[in-house]
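Single-structure report; data block below.
Read from first to last, the chains carry the letters A, B and C; within each, the first residue is number 1.
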């Protein structure tokens, strides 16, 4: 029955939607403003002063300065490259393996325990080991990241392999679709719908683990290293500037993922009817 | 999942199923054991030595009590705070859509920030003691369960809402018997993710914090080049994490028994 | 969430309606007064009028999409009409009235799957502050009334569709309302079950003297059950006619439907629905 309770009828008209969108934007802008205001006020308190917490002004100013330094962009570039490399490896290894395991009941049963066990190991606990093996290098970071991000991809690919829809394939055959077309119009979209959540999770997890491994392992020339360095050298402005950078990177990645999701999976039931 | 006989227990089928699940891990273990048997490598000691050392350090030597239990305590304390805060605020924000929409920039940003990046900040505020560790675990683990709770509460069936309105169910009862159980499957999914996050954060903060806990043990072993103890730490962490996950799943099956039974029922062809 | 005053015991009408009691003397329990509803600029209902008498069985019938459900929501207090008013037991309806119970169409979504049948029924009673023993007793009696015995510890999804709807009706009964509103309650069950549930509803009304307002798109059902039928038709929907159904107090699936009067009423209503109404008749 009712979705809204005890309201007069409201029109889902175009102008109504636009008004709602503007109102939401305004609300959110207010929230952001309040957040920065609260940050500023808090940074003036005794607790924050003792912790040498800079206000938003100081942090943003320092961030602005950093944008013109080579170091900043090098660190950012290295981090992004590590993240992308690890992701590429995970995709190339994880998806095919997952699909194959998914297609075979025996393979699934056999690997179930091993996968379950390995994926609960917190990847950042491996950092000491990889530090011994690879030192404080980017390689260390990529290895740790691979070990973390491969699991969501693998597991979702297994689902994709298990749930291949035989009806769709029969329809494709009855229409005598060539195998190229079949791959393009049936297999890939179908697999994509399953694999996408895993890919999405892997992308965000990979970013977290990359920066985490860089920080824990003090990998030179990376974003995580800069964070640690700023704290050790007692440069709070720089520290917060880099934290904001990390946050912005995460937001950008999330935003890009959402956009891609809308493009690729607009047809999927889970995407329909979303505001 | 393969269908098993409803009335009788299919013993041969079950044994076969168990064998299929077990052979690979066993074979791998044996392979690693024999492959590493006479290992002189510094970084990869033989499995035999690692197992022996694990027994010595953790079980016989009481390592479980001195290192694992404190970690567990920390984890549970931080996680408990995260769950309570996540469910509480998630419910409020789920029920008041305006609040959720307004707060979205903050929740999105908090979700996007890599937890490790907050470590230096936390250390500047709280130092390296228990306060830092607990606050990090609690803060970072809150977000997955918060976001999932919001989603779960928002997707409560409108018919159910109408029922609660027309029958004048009291607010507390609406929460306890309506919104909470309805959102429970989604909340648990969030709780599961939060748990994994909490474990990961626990390890990190112990690596950077004051001595104590399994994270510190592993880090310290690595820094002093005690490779075999480091491996024992990793092995214990692996089993520790796995055991906790198993426990979590058992708990989930009990609390959501109605949900799983309902799903199995509808997939079984009835209705 | 609307905050309402805790319920006190509602008026409970025991005993059957005496068959010859002149209906015109019974008081009005539900006054639908010039009710209109628009979604923004789109009018859906216009100028609906009807006075429902205490103990009456009113069926509201119309084709799908006419806004029957919207009207029901207004009657139940889940929506405010954009014009006119609904008065229940002398008070204007702005939120769900305490002495009103609703049975929804989709039983699988209106019963809580994490509660047993008994707990589903007793939840409203618990909120009303009724003690445990009384709650349990009422629930068991209500289940008995709807023909379900021994299922109180079962979960809704363990029961068939018809049984689930019976539980929903039992929940309404245990609530001891003055009136029950039903939103196409038998649309989702098979024909045989539907017949059983229709007779159950009649029995319950006779036994407790509760006023029933039932919305349906099935004309046969409307004529079979009702004392009066409100026929909605046209866009925006208006009352095409308020038809008195004079088929006797004791209805029977075979006998009543074989009566010529049944066929006449049926055709009349069907014709009204198919032809757009020219102006409302109240």
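Operating definition for what follows: contacts are C-beta pairs under 8 Å (C-beta built on N, C-alpha and C of every residue); 3 or more make two chains touch, one makes a residue touch a chain.
All of these numbers come straight from a predicted model, not from anything done at the bench.
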| item | value |
| --- | --- |
| Graph separation of chain B and chain C (steps between touching chains) | 1 |
| Furthest chain, CA centroid comparison against chain A | C |
| CA centroid of chain B to CA centroid of chain C, Å | 48 |
| Whole-Å gap separating chain A and chain C, where each centre is the average of the chain's CA atoms | 51 |
| Inter-centroid spacing, chain B versus chain A (mean Cα positions, whole Å) | 19 |
| In chain B, residues with contacts to at least two other chains | 159, 162, 165 |
| Residues of chain A engaged with two or more neighbouring chains | 1-2, 5 |
| Contacts with 2+ other chains: residues of chain C | 2, 76-78, 95, 102, 104 |
| Contact footprint of chain B on chain A as seen in their complex | 1-3, 5, 24, 27-28, 30-32, 35, 47, 51-53, 106, 109-114, 116-117, 120-129, 131-133, 204, 207-208, 211-212, 215-216, 224, 227-228, 230-231, 236, 239-240, 242-243, 246-247, 250-251, 253-254 |
| Interfacial residue positions of chain C with respect to chain B in the complex | 1-4, 6-7, 76-78, 95-96, 98, 100-102, 104, 106, 109-110, 112-115, 123-124, 126-128, 155, 157-158, 160-161, 171, 175 |
| Residues of chain B defined as touching chain A within the complex | 17, 20-25, 28, 43, 98, 101-106, 108-109, 111-121, 123-125, 158-159, 161-162, 165, 196, 199-200, 203-204, 207-208, 215, 218-219, 221-223, 225, 227, 230-231, 234, 237-238, 241-242, 245 |
| Residues of chain B defined as touching chain C within the complex | 95, 157, 159-160, 162-171, 173-174, 177-178, 181-182, 184, 258-259, 261-262, 265-266, 271 |
